[in-house]
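Across the two complexes that follow, subunit A remains constant while its partner is subunit B and subsequently subunit C.
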Partner chain A sequence: MLIGPFYVAHAIIALMLALIVVPLAAIPRRQSHAAFLASSALLALIFLLSAYAFLSGVDVTVFIIFHLYQFSAFFLGLFAFALLLVNALSYEHYQDFTRFSMFLSFAIVGMFVVAMANSLITILLGLELMTLPTAFMIMTSGKYHIEAAVKLFILSAIAIGALSFAIALVFPYDLQLALSPVSSSALFTGITPNAGNYLLILSIILVAAAMGFEVAAFPFNLWVPDVYQGAPGNVTALLAGINKKVAFVALMEIFFVLFVQFQPIFSPVLILLSIATMFYGNIVALVQTNVKRLLAYSSISQAGYILIGLAVATQFGIEASIVQIVAHLFMIIGAFAIVLWLESKNLRTLDDYNSLGYRNRFAAASLAILMLSMAGVPPLLGFIGKFLVFSSAIDTRALLYLAVFGIVNSFISIYYYAKVIDHMYSGRSKELLPMGRYTYAVVAVALAATILLGVYPNFLISAASAASKALLAL
Partner chain B sequence: MTILIGLMLLFSALASILILALDQELSKRIALAGSGIVLAITIWILVTSLLQGSLSMGEQYPYISAFDISLQLQLTPISFILVLMTAIVAFGAVMAGNPERVREKAANALILLFEFSAIGLFASANLFIFFIFWDIGVIALFFMINILGSANRRYASIKFIIYEIFASSLLLLGIMMIYFYTPVHSFDIGAITSAASTIPQATQQMIFILMFIAFMVNMPLFPLHFWLPDAHTEASTQGSMLLSGVLTKFGAYGMLLIFTMFPIASSLAIPIALLAGFSTIYSAFVTMMQHDIKRVIAYTTIIDMGIILVAIAAMNSFGTYGAAYAMFAHGITIALLFLTVGCMHHIFGSRDMRVVKGVVSRAASTGYSFIMGVFGVTGVPLTAGFVADVLIFIGAIQAFGLAGALPLIGLLMIGAFMYLVINRSFMMTKEPSQPVEYIGIEQQLGYAFLMGSMLLFGIFPFLLLGFANL
Partner chain C sequence: MLALLVIVPLVVAAFLAVILRSRTTLVRYVALGASVISLLIAVALLLTSSNMVQQFIWFNVGQYAVHISTTTAPINLMLLLIVAGITPLIFAYSIGYLKTPSEQGRYYFEMCIFAASMMLFSISANFISLFIAWEMLGITSYLLIGFWQYKPKAQLAARKAITTIIIGDVAMLIAMLLIWSTYHTFEFLALYSAAATPALYAAMLLIAVAAFTKSAQFPFTEWLADAMEGPTPVSAFLHSSTMVKAGVFLILILAPIYTNLHILNLFVIFGIVSALVGAMNALAEHHIKRILAYSTIEDLALMFIAIGFNALYAAVLLFIVQAFYKALLFMSAGSIMTAGDDEEDLFESFNSTKNRGLFITMVIGTLSLAGIFPMSGFFGKAAIDSVAANFSSLPNIILYVLLSVVDLLSSIYIFRWLFVPMRKAPLEKAFTLNINYRTLPKSMLIPPTILAAFVIIGSVFYVTLTNLLPLGGLPVSIGVSDTVVETILVLAGLAIAYLLYVKMRLSGFTEKHEVLRGAFNSGAEINVLYNYFAAFVMLSANVVWRFDHYIDRLLYYSGMGLVEIGNRLRRLQNGQTNLYVAAFMLGLLALILLFAL
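And then the complex of A and B:
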């Protein structure tokens, strides 16, 4: 290895700190461009470093609370890449980018902290650090957004509360907060472990509930449509594209490291969550007319597909979920980039999207491909994700029904995805609708990822496989 | 190891992308070049195999190594018949063009994309690849209906995609179950065929029924055919040619695959043949209620596909080759019929058989081509349809006794009705309709090309059946 693993990890942490400082420095003179360039450069550096760390197979613990191994390096790299996209989107959207950039950089650090967490407290703090600035981002975007901000704030506070309580309940078992398999008997005198281990079960359910809020699983998803619709499109892209995935990472870290021996207990919980989430998201999406709301429900259902792989809880299942996470991340960022751009032209509903196919051919074709990918049409990335997730369920034999539910949902969803495409190619208005430079670039990157990784998924699948093996310490 | 199948896929995909990237004016030339090259390659394969006396080809390209999936392509005599059909129909559709000349660029790009998917599907030796090509084809035709269709296209296209995605969902489930329930863990059709008997009976039945329903939607067969009349009526002329000519064969080819793959098929053959026969006769009655000639032709597709399924369910070599030959004949003939009806609509502004009169005297080429097409559909000797019908009914009678000939009733009924249409509408000399538009040389070349292929393979069936051991 060219650079020692220890230095790589330290460099990443140093860059994270720099990310916080740089936008702060840019605020007094409102140097938007400088803030954008600096944060992009830092993110790109983090991406490169974590890619290097991933490829060279690092495994190092830093300051006890951070753990840089293939799993965390994979997600560090993924988030850094996705954040580059969101950063560019936001830069084009705001007059004064510096204030937004400050909130964004705090949230970014939160995400990276969760991805690298080696302790329950790190996860808790990271999630907090991620969601609070997101609420501020929405709040400072204008007075119409306050409702969404308050909803997000209150519900994430509840989620954090539930997670803290869950952590408190686990503590007596090992008297430590490190992310390592919890022993099944309480060390703390005063608690008598009985056959059921009720405290642990309660803790698992609370974690599932807290993460249910964050990943928007039914029945914890009621905030999603309002917040997604109320927030400006770039923040929605951040929420749906990255925040949700960070929560999935936290979920994986807690369930597959901490509670790894209790798979028979948490699996049924996740199965129920995933089935309910898929059906709820897809069925409600059928009747939506606002595109942003439609995408919000669609991303709820996509969370359901991701949960299938986690509920299966085998190495293959986790690998499949990771692929589906990557797929949804690119698809939803691309889609919300287009939605944000159209929103700035005051086009919001399905009827407003009529004849988009003739007004901006690139945007319509990209949105159509992203929609088809979300619906799981081969050979796009969304199909690969769904295929792996359903396969992982069938692979266990016992969970065949989960794959059947998934496929039924995949079928239901084609209606509303096709409806969006149908609207874009109806009507014959020829009035051109130009797209901003950065939006164009973001959409192009998301589209390229969706198509290329779909047509040739080898690299992604083997990376996901390495990450899942690292997580399970196989 | 050859690279010919890969080249066909490459050229059709490349042409499709080039058309999208370049100007409208060039689109037709590129499309002609692309589909012409594909046709030339198929003819080259045909000629060399005729000289060698055998046809079998296999190619393999790396794809998803994590699951041992590679792009396995093969040509057997049966799949070659369908690939040739696809090449002919696509070339014919491109050559004839759209009489209305609207959105030629989109139309040509989608035709080439569809040709890519159809050739890939018929040549695939791997169920995963089969599924991928299946969905690409469906999506290409969805856009073909949605963007290029007529007034009611939005309703028809959404209906089409819902039915087709329903089918492909079941297909996907079936394929994944095959992968995980066969001990070999493979998508390779050959490997599955040899290992299928080790799958437990109940699971095998479940997989078979899942895939059967998927293919049934696509073919289509009686209770699940409701997408077809709407999709055909609303699609553009070229769209209908491909829909009926090629897309419905996806399902029929899939039926052939599952009947050869699963040993359990033999126990289900008789109920399936009954269903297919019923579908034939039911749609013959429905056809007689139609006045829109395009709808009439759409329903004859259901009739013919029912007969094809009877032949497949016979599970003997006459039935199998008969089914493949019938798909070939039907694909070309129905494309010709849809082309003539599209031109007729363009010329007279209507497709209603009660309104349009005297096509033969006012638009001779269109009228006579339609009549030739009806000859082909009803299996008049010297057309490819005749050869197909002979093979099919020999196979069906071998397998089911004289009852196997019952679907002939449907064929006779539709034949009688079609000649009635010709008599009342095409040949009627009293008060002929006035043409409002004229068609160009391109459409007439399209007629000639499709008619020529229909007759060529009707007069010289050994060109394709020489490889079969009948």
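And then the complex of A and C:
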């Protein structure tokens, strides 16, 4: 290794601190551009470092609470890359970017902390550090957004409460609250799931509920459409594209490391959540007319697909879920980038989207491809994710029905995705709609990822496989 | 990937069509040129390569690899050549047919993508390449049916088509995953010799469902008739000669597996039902294109019957010749409609004899469809009758009788289709009609003429097919008795149609014939099935949606209960948020109760 793993990890942490400092320094003089450039550069550096860490197979623990290994490096890199996109989107959206940038950097640090977490407390703190600034981001975007912010704030407080309680219940079994299997704790060796460990089972369910809130699993997801619709589009992209994925990372870390022996208990919970989430998201999306709301419901159903792989709980299942996470991340950021831009032109409903195909060809074509990918049309990235997730469920014969539910759902979704495409290419308005260049770049990157990773998915699949193996090896 | 070269020109042309769409004339010729290049490549493939399966890895799953694989086996090349051969004709026809400048870019984009996917479909050697093509076929078909976005009927038709197609896609993907998890391969060749397992049975039945949806077989017939709302070249291309035959073709190449599993008979049963449904509806129908659509359903059903008897040669023979005469008939129908100011009712169309070229091609197509010697259609239909002519058991006899009825009915409806528009127009219409028939563009007349030549030459395949295609199953042999029976049936149909529609000048079904029409028109009943399905989906969507609405209502009423409206905090902490918290707690409780007890 060119640079020692220890230095890589410390460099990433130092860059995270710098991320917080930069916008704070920029605020007094309202140097939006400088703040944007600096934060982008820092994110790019973090992306490069974590890519380097991933490729060189780092495994190092820092300050006890952080653990940089292939799993965390994978997600650090992924989030850093995705955040570069959201950062660019937000920069274009706000007059004064510095204030927003401050909240965004706090949230970013929260995300990275979760990805690198090595203890339950770190996960809790990271999630809080991510969610609260997100609420502030929504709130400071204008008075119309306050309601969404308050909803997010109140509900996330309850979710965090549930998670804290879950952690408290684990404490007797895992005195250091470290992320290692509970049964390997020195005090309580030989704990098995069927020994009547009600406290641990309760803890598992509380974690499922808290994470169910964050990943928008039914019935913990009723806030999602309201908040997604109420928040400005760039924050919605952040919420749906990244925050949710961070929660999935936390879920994987807790279930597949801490509770790994309790798989017979948490699997059914995840199965139930997954089925309910898929059906709820897809069926309600059928009757939506507001595009943002439609995408919100669609992203709920996508969370259901991701949960399938986690419910399967094999290495292949986790790998498949990771691929689906990456797929959804790019698709939804691209889609919300377009929605945000149209929203700024006061176009919100499906009828407003009429004739978009004539007014801005690039936007309509990209949105169409992203929708097709979400619907799971080969050879786009969305198909790869779904194919892997469903075949992971079929591989364990007992969960065949889960795959069938998933497939049925993924085809129900074609209805409303097709509806969006339909609207974009009907009508005849010729009045052109110009797109800002940052939005253009973000959409182009998301689109390229959707197409390229769909046509050449091998790199992504092997990376996801390495990450999932690293997670299970803990 | 030599074989994949064939789709490259069309894909390039599709994107050129979008880029160049302001230059409408250029777009047409780019598409036409690309389709000709594709045809040349297809011919080159036929001449150079011999039965090669080529594959490359798309992605890896565990230690297994998912391949994209293509083949140049003779049967695949057959479909490839049919598609590649018809594409330029359709594009040429479209030049005259579609004149609106603003639609050109979208039209040629969708058509080129469709043609490319159909070609990919025809050369795919495993389920993955096939599924990619299958999905693209469904999507392009959906877009092209709803091409005229200002027509609400076209939108409904498109939605009905996609509903049916989605059912097929679900079946297909489940089947694929079942096969994958059992055998860890998608290759057709490997599956031919796969051991029969319950998973394979389930998968093959699901694939049959998928094939039925694509080929509009009972009970999925209705979308095809409605698909006639699309532009006529689309009907001629997708909904008669190529896309709808994807289902038949799929079963054709998978026939060895069905034979291994001993479930081929399934196709005979569904086939004969669909054939009757198609023939009877065609007779009850007045819409000039829908008649042909129902007739397509019948043709496809006959192919399924032949496959069901393991008479693959007979199926392939009809498969080839049907492509030519059906495309020809649709083009003629489009020409009549264009000349008659888009009149869609058969009984409101007149003077079709005014354009000699058009009329002659119509006659050739009609004779071929009806099955008159020596038109190629005769060989196709007689081959299937000869397969069914087996009087060893009662079900076989019933089947043969039913097939004869279908033959008779199809002869009646197609001659009706020919005779009725020959009538003289009423005076006020005659003048414009004469002009319109005379000014039909050349590009709409030449393609049907070329097809008419193929319809006649196609008879050659009867003799040469056995040498050209190495296939399993029974060979084709049309005996004298088959010829006689077929000819008598067709002539009887001709006589009846002549009597009813030329001598007696019947004007279709009126109120007096409502009972008769109702008896024939089963489309309505099948539509009810579809409506129930669609209603079920939308209803469940609405029920769940109500759940959300109900929360909104509650918010409204609880909001009224809160007197202190000025209190901002109150307003923010409205009923909705409370309910969301309640839902969270209830969900948590439910989970705890489920798992801790």
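Assume the second predicted complex is superposed on the first by the 462 of 474 C-alpha atoms of A that agree within 3 Å, B and C clash if a C-alpha of one lies under 4 Å from a C-alpha of the other, contacts with A are read in each partner's own complex, and residues count from 1 in each chain.
What we mean here is this: a residue touches a chain if its C-beta (ideal position, glycine included) is under 8 Å from a C-beta of that chain, and two chains touch if they have at least 3 such contacts.
Worth saying up front: this structure is predicted, and the values here are computed from it rather than measured.
Engineer: Which term applies to subunit B and subunit C once both are placed on subunit A by superposition, clash or fit?
Structural biologist: clash
Engineer: Name the contact category of A:79: first (subunit B only), second (subunit C only), both, or neither.
Structural biologist: neither
Engineer: So in the superposed three-chain picture, is A:100 touching just subunit B, just subunit C, both, or none of them (first/second/both/neither)?
Structural biologist: Neither partner.
Engineer: Classify the contacts of A:378 with the two partner chains as first (subunit B alone), second (subunit C alone), both, or neither.
Structural biologist: both
Engineer: Looking at the overlay, does A:206 come into contact with subunit B only (first), subunit C only (second), both, or neither?
Structural biologist: Only subunit C; A:206 stays clear of subunit B.
Engineer: Quick one: is A:305 in contact with subunit B, with subunit C, with both, or with neither? Answer first, second, both or neither.
Structural biologist: A:305 contacts neither subunit B nor subunit C.
Engineer: Once the structures are superposed on A, label A:405 by its partner contacts, choosing first (subunit B), second (subunit C), both or neither.
Structural biologist: A:405 sits against neither subunit B nor subunit C.
Engineer: More residues of subunit A are touched by which chain, subunit B or subunit C?
Structural biologist: Subunit A has more residues touched by C than by the other partner.
Engineer: Check whether A:155 is in contact with subunit B, with subunit C, with both or with neither, and answer first, second, both or neither.
Structural biologist: Second partner only, subunit C.
Engineer: Does subunit B (first) or subunit C (second) touch A:248, or do both, or does neither?
Structural biologist: Neither: A:248 stays clear of subunit B and subunit C.
Engineer: Of all the subunit A residues, which ones make contact with subunit B and with subunit C?
Structural biologist: Subunit A residues touching both partners: 357, 372, 377-379, 387, 390-391, 394-395, 397, 403-404, 407-408, 411, 414-415, 418, 422, 425-426, 457-458, 461-462.
Engineer: Which positions of subunit B touch subunit A when the two form their complex?
Structural biologist: 63-67, 131-132, 135-136, 139, 142-143, 146-147, 154, 157-158, 161-162, 165-166, 169-170, 172-173, 176-177, 179-180
Engineer: Within their complex, state which residues of subunit C touch subunit A.
Structural biologist: Result: residues 18, 57-62, 102, 106, 128, 131-132, 135-136, 139, 142, 146, 149, 155, 162, 166, 169-170, 173-174, 177-178, 180-181, 537-538, 540-542, 544-545, 548, 551, 572-573, 576-577, 579-581, 583-584, 586-588, 590-592, 594-596 of subunit C touch subunit A.
Engineer: Could you list, by residue number, the parts of subunit A that touch subunit B in their complex?
Structural biologist: 357, 372, 375, 377-379, 383, 387, 390-391, 394-395, 397, 400, 403-404, 407-408, 410-411, 414-415, 418-419, 421-422, 425-426, 456-458, 461-462, 465
Engineer: Given the complex with subunit C, which residues does subunit A contribute to the contact?
Structural biologist: The touching residues are 146-147, 150-151, 154-155, 158-159, 162, 198, 201-202, 204-206, 208-209, 212-213, 218-220, 222-223, 225-226, 265, 268-269, 272, 279-280, 283-284, 286-287, 316, 357, 361, 365, 372, 377-379, 384, 387-388, 390-391, 394-395, 397, 403-404, 407-408, 411-412, 414-415, 418, 422, 425-428, 457-458, 461-462.
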